[in-house]
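Each chain gets a letter, A, B, C and D, in the order it is written, and its residues are counted from 1.
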Amino acid sequence: MKKIILSTLAALALSSTAYADVIKVGVVGPFSGPFALQGKNFKAGIDAYMALNGNKVGNDTVEIIYRDVPAADPAQSKALGQELIVKEKVQYLAGFYFTPDAMAVTPILKQGNVPMVVMNAATSAIMNTSPFVVRTSFTTWQTSTPIAKVAFDAGVKKVITVVSDYGPGVDAENAFKAGFTKAGGEVVQAIRMPLSTNDFSPIMQRIKDSGAQGVFAFLPSGPTTLGFVKAYNDNGLKASGVKFFAPGDLTQESDLPALGDAALGIQTSFHYAVSHDSPENKKFTEAAIKAIGNKAELSFPAVGAYDGMHVIYKMIEATGGKQDAQKAVDAVKGLSWVSPRGPVSIDPESRHITQNIYLREVAKAADGTYINKEVQTFEKQGDPGLAAAK
Amino acid sequence: MSAVFEVKNLKRSFGGLVVTNDVSISMAPGDRVALIGPNGAGKTTFVNLVTGTIPPSSGEVRLGGETVTKVDAIGRVRRGLVRSFQVTRLFQDMTPAEHVGLAVLQRSGRAGRLFGSFLTMPDVMAEVSELLEKLGLAELAHRKVSEIAYGQQRLLEIAVALALKPKVLLLDEPAAGVPQSDTGRIEQALADLPKDLAVLMIEHDMDLVFRFAKRVIVLAAGTIIFDGLPADVTKDARVREAYLGSYAHASHVA
Amino acid sequence: MQTVFSIAIDALAYGMVLFVISIGLSVTMGLMRVVNLAHGAFAMIGGYIASYVARDLGMGYAVAVIAAVVITIIIAIPIERLLYRRIYGQPELTQVLMTIGITFCIIGIANYVMGPTLKTIPLAGPLQGTADLGFRTISIHRLFAIVCGLVVALGLWFAIEKTSFGVKLRASVDNAAMAAALGVRTEIVYAVSFAVAVGLAAFGGVVGAELLPVEPYYALRYMVTFLVVVSVGGAGSIPGALIACLVLGAVDTTGRYLMPEFGEFFFYLAVIAIICVFPRGFAGRAK
Amino acid sequence: MTVAMNNQTTLSRPRGGSFKRDLIGVIVIIVFAALGYVLFPDNLALLTRILAVALLVLSLDLVTGYCGVATLGHAALFGSGAYAAGILSAHYGINDPFLMTMGGIGAGAVAGLLCAVIMLRAHGLPQLVLSIALIYLFHEFANKASSWTGGSDGLAGIMPDAVFGIYEFDLYGHTAYFFGIALLLIVFVLLRILVRSPFGMLCRGIKEDPLRIRAMGASPNAALTKMYVISGAVAGTGGALSAISTQVVALDALSFTQSAEALVMLVLGGTGSLFGALAGTLIFMLFEDYVSAANPFHWLTMVGVLLIAVVLFAPKGIYGTAAAYFSRRREGSQ
């Protein structure tokens, strides 16, 4: 008898969460610490989406719960992910700026019956760790591959690659190498430097001595980017005609004011520029700038978060607010919409976003601010990284 | 009787300055020797050379017939050369029982044990009680050192040294800084030192020297200028010169 | 051969920038015996002030440098009176706890007030651009940093070794009670030294900003580098710090050129090697 | 306080049985563990993390609190344990949690030996810098050996088996929590025995005056090396617990940040006491969790204020100051 009452109670408890009016979304990201700016962009993207689309899906109210992982710290990320699922009873997990933080949480998705929407972490392999992961950002392979063709077409046949020695850096190096040798070029040297490097003059000397016509670089956005670009100018590489190619992490909009004139003319390939010219983007940037408070701080993680929210809203719609990870993920496979970055879709197989990659050049806008001006479009790019890993 | 402790032609210079010059001393078990000398005579350097804290420029130190010149300070302690310190160096947070216990454990090769406590080792405790009682410290056995009087700390220094069962004991001014009222107990402790132990005492207090030593060595400017009976030391012309002239020469020697 | 020269110049420039930023820490740690992990935080404050004055107020580089030094010192005075004074002579670990706490607070406040983005300090006209050395170009600012390093080194050496204040400072360091008995007001000596150290931090933060850009996490990001450089030199020694900066700068730069993928290894292996050979640092005095 | 003499040849034992205090310690830990389980059943992941870090801080207390070696690189031992346990599972398929823990203990001890050999070449500030250099070398090494460690992506694929084949390491973290509590209790009891042992006494002596210890014929460096190895085993236990409970190991386990945080927690609680280490860890991590959830954007300032407040108002650490206060009270009332 007692058992029946208990199980009835349990069922009641379960059903009350399943048909709850409030649907919680747990967002894990770096909201303090050296990467706080990126976390701030997550929040701006989410706030923008909810400002434009309301906080209700059907009868259900969406509530966001933020948790801070200041730097790549998978143990902390896992503990917070667990807490969000078990204690806060979130139906969706989202955010994740760093790959290891995302990878730490994917093993518990199945048991927790919770889908994860990755809003930034850019290593291809995340998608393989769980069928409940959907990604609305990009992969380093995706953004670095097109620039190889750009470099080759610009007449550069010998390139030296310089990357920060960590996961995304190595990904960028491999992606560029694959694309560039396929096009017929030669990578004369591949340099990996420690993440903490702050004086790049000796690296510039290496580039000079290598005899390469161009340099492909990948560094995480932030202070090192500034040092690298300055060193590139100050050591006379720019003047001597060594061309500079990089994925757009290097010319993140929030770094551009600091880079200033030093960055002018640098070409990068990326999935999103704040200056992208479309009505969707205009709407997005207006709302996001309002949310973040300072236009100069807005950059790509915000659009990943914005589209991530779009995917989550579609999932809630499809499941009617019930907790069903499989159904939610299935519902967005093949989903396509027009994002602020352009037309995008979720690849049904990899659950990663298919999108346009743009070649951009740093330029001065009419109002004196620096922008990434889109000059060329590579349409409907998937993620070549997964194929390469196989 | 053969020498238990020998120093032969010991020499040490810092740069061009010779601080210890050709010092030779030989001691047999049971000897009670006092080493005296004016300020800056090189006594501290001599102690450091003998204990192995600094290496000599040339010369030899022998312990129980074995040459230990190349042996480090720890090795010499293990071979039976133990010293006390001029200013007590005790562990302020530990008790006298723990001090002596640690010394006994170390001597018997048990200081590295990861379990148990000397408080539960009967043989160690017997030795600890015996030593503490002998030196009149039993009442204070479980007080922290920081809470006991300086005179008693000096006695504890001697207890720790004895717990190491030395063959040669180097006492560096054992009564320094002790109020007059307490020196009696220290003198008593010195008088009670094991009979077969060779003791070299470095001391300023001439009364103590005369009561304790059977032999006196005078060090001046790094050289032995006198080695003989206490009764003869004040009569020696060179000793008088060294002490009375020491004020004039101090700046050169120091 | 050109490459060797080129690397040598890079090493010199990098070492001097390190020197300018770290030397203030050498003063606090060596002369005042405070493990001041908040040193980088003061350098960062200096950088922010200079950036605000030069970029937002448009008042020029020279004004910015002076404003940064003066205002940082003014900000530091209450911190010294209320907090640092409590940890003089305390165990090192207590000092570590206090100064890390101060650093966290300053980072949090900087993040709140100035925002998380990088801040630059526009250079004065003559410092912009690059100079042609014949075989390579180098930014004029780097040359300026080298000169600053030399001037600071000479100035400090003179102040400590040749002035009456230096005598009082060294006396207070060696034996505070004795110095006080001789009529030296040690409290004032400490306060002035602290102000000098903070001023140097701010100056270094501004001059070094081209290499170590100003952002809220500056204070923690480079804390270790400063600490390492000062300790390898021997805390409190100006020539020691200079040698340490030049040697470590050279090791780091050369390593980065020859085998960039092992850059960190070279630097820290050199640190270990140096300390094993000089356990008190290059110019460490035996106590 | 007077010491009663039983007879003429043996001293009485000091008052206040140490066994009683051990028992109290164990009971306090169990009570806290039970409270944590009852009050925060949904936060077991965090509580397990606290347990793992507590082991690291205890291990740090052994070298810093009991031997006076200041280090900002202690996570090297913790991380080595974590990676060893993780690699056993991810690369060799050894998924038994006890074997993984043993692997962590062994690796931690080896790392401890390695660190000791280098750390003991200097004292004071240069020693602190050596520890920093070491932790960066460990970190870089793990980053470079990415085929073993997963590099900056972290080591995934750690799948510990159920404990005794029954208790799975599940989402709710019950097993991990109890596993961690068991490890902490065992380590705590062993460390209580250790710090009271002849060796523990020797180390306290070394902390106060290494020269005096040399004059007693004992080698401080040999003792410190031994303590470092023991400390490594303890930290390795914590690392293994972390790897088993989170099923992932990343470079942050070997980072300067982790080391510095551990030191902050230790000083916060009070050095030279096992309870201080535990209290410091618990207070710091709960505080951090609370303020970072309350304000994910600006919580660092609050942590800074806490540290400053502790130095100003509890200079011996929170536990150390409280213990001193109560013992004064007790003595006053007698």
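By our rule, a residue touches a chain if its C-beta (ideal position, glycine included) is under 8 Å from a C-beta of that chain, and two chains touch if they have at least 3 such contacts.
A quick note: this is a predicted structure, and the numbers were derived from the prediction, not measured.
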| item | value |
| --- | --- |
| Any chain that touches subunit D and subunit C | A |
| Touching subunit A and also subunit B, the following chains | D |
| Taking each chain's C-alpha mean as its centre, the one farthest from subunit D | B |
| For subunit A paired with subunit D, centre-to-centre distance based on mean C-alpha positions, whole Å | 37 |
| Centre distance in Å when subunit B and subunit D are each reduced to the mean of their C-alpha atoms | 41 |
| Centre-of-Cα separation between subunit C and subunit B, whole angstrom | 48 |
| Junction residues of subunit A - those touching two or more other chains | 32-33, 36, 40, 165, 194 |
| Per-residue multi-chain contacts in subunit D, two or more chains | 140, 298-300 |
| Set of subunit C residues in contact with two or more other chains | 111, 261, 264 |
| Chain-to-chain touches, reported pairwise for every pair that qualifies | A-C, A-D, B-D, C-D |
| Partner subunit C, residues of subunit A touching it in the complex | 32-34, 36-37, 40, 165, 191-194, 196-199, 201-203, 205-206, 209, 222-223, 226-227, 230, 233-236, 239, 254-255, 257-258, 260, 294, 296-297 |
| Complex interface listing, subunit C residues touching subunit A | 3, 6-7, 10, 13-14, 111, 115-120, 130, 136-139, 142, 210-213, 215-218, 220-222, 252-254, 256-257, 260-261, 263-264 |
| Touch list for subunit A against partner subunit D, complex | 31-33, 36, 39-40, 66-68, 71-76, 78-80, 82-83, 85-87, 99-100, 103-104, 107-108, 111-112, 123, 125, 129, 165-167, 170, 194 |
| Residues of subunit D that touch subunit C when the two form their complex | 64, 70, 118, 121-126, 128-130, 132-134, 136-137, 139-140, 144, 256, 260, 263-264, 267-268, 271, 298-308, 310-312, 315 |
| Touching residues (chain side subunit B, partner subunit D) in the complex | 51, 73-74, 77-78, 82-83, 85, 89-95, 97-98, 101-103, 105-107, 110-119, 125-126, 128-130, 132-133, 138-139, 141-143, 160, 164 |
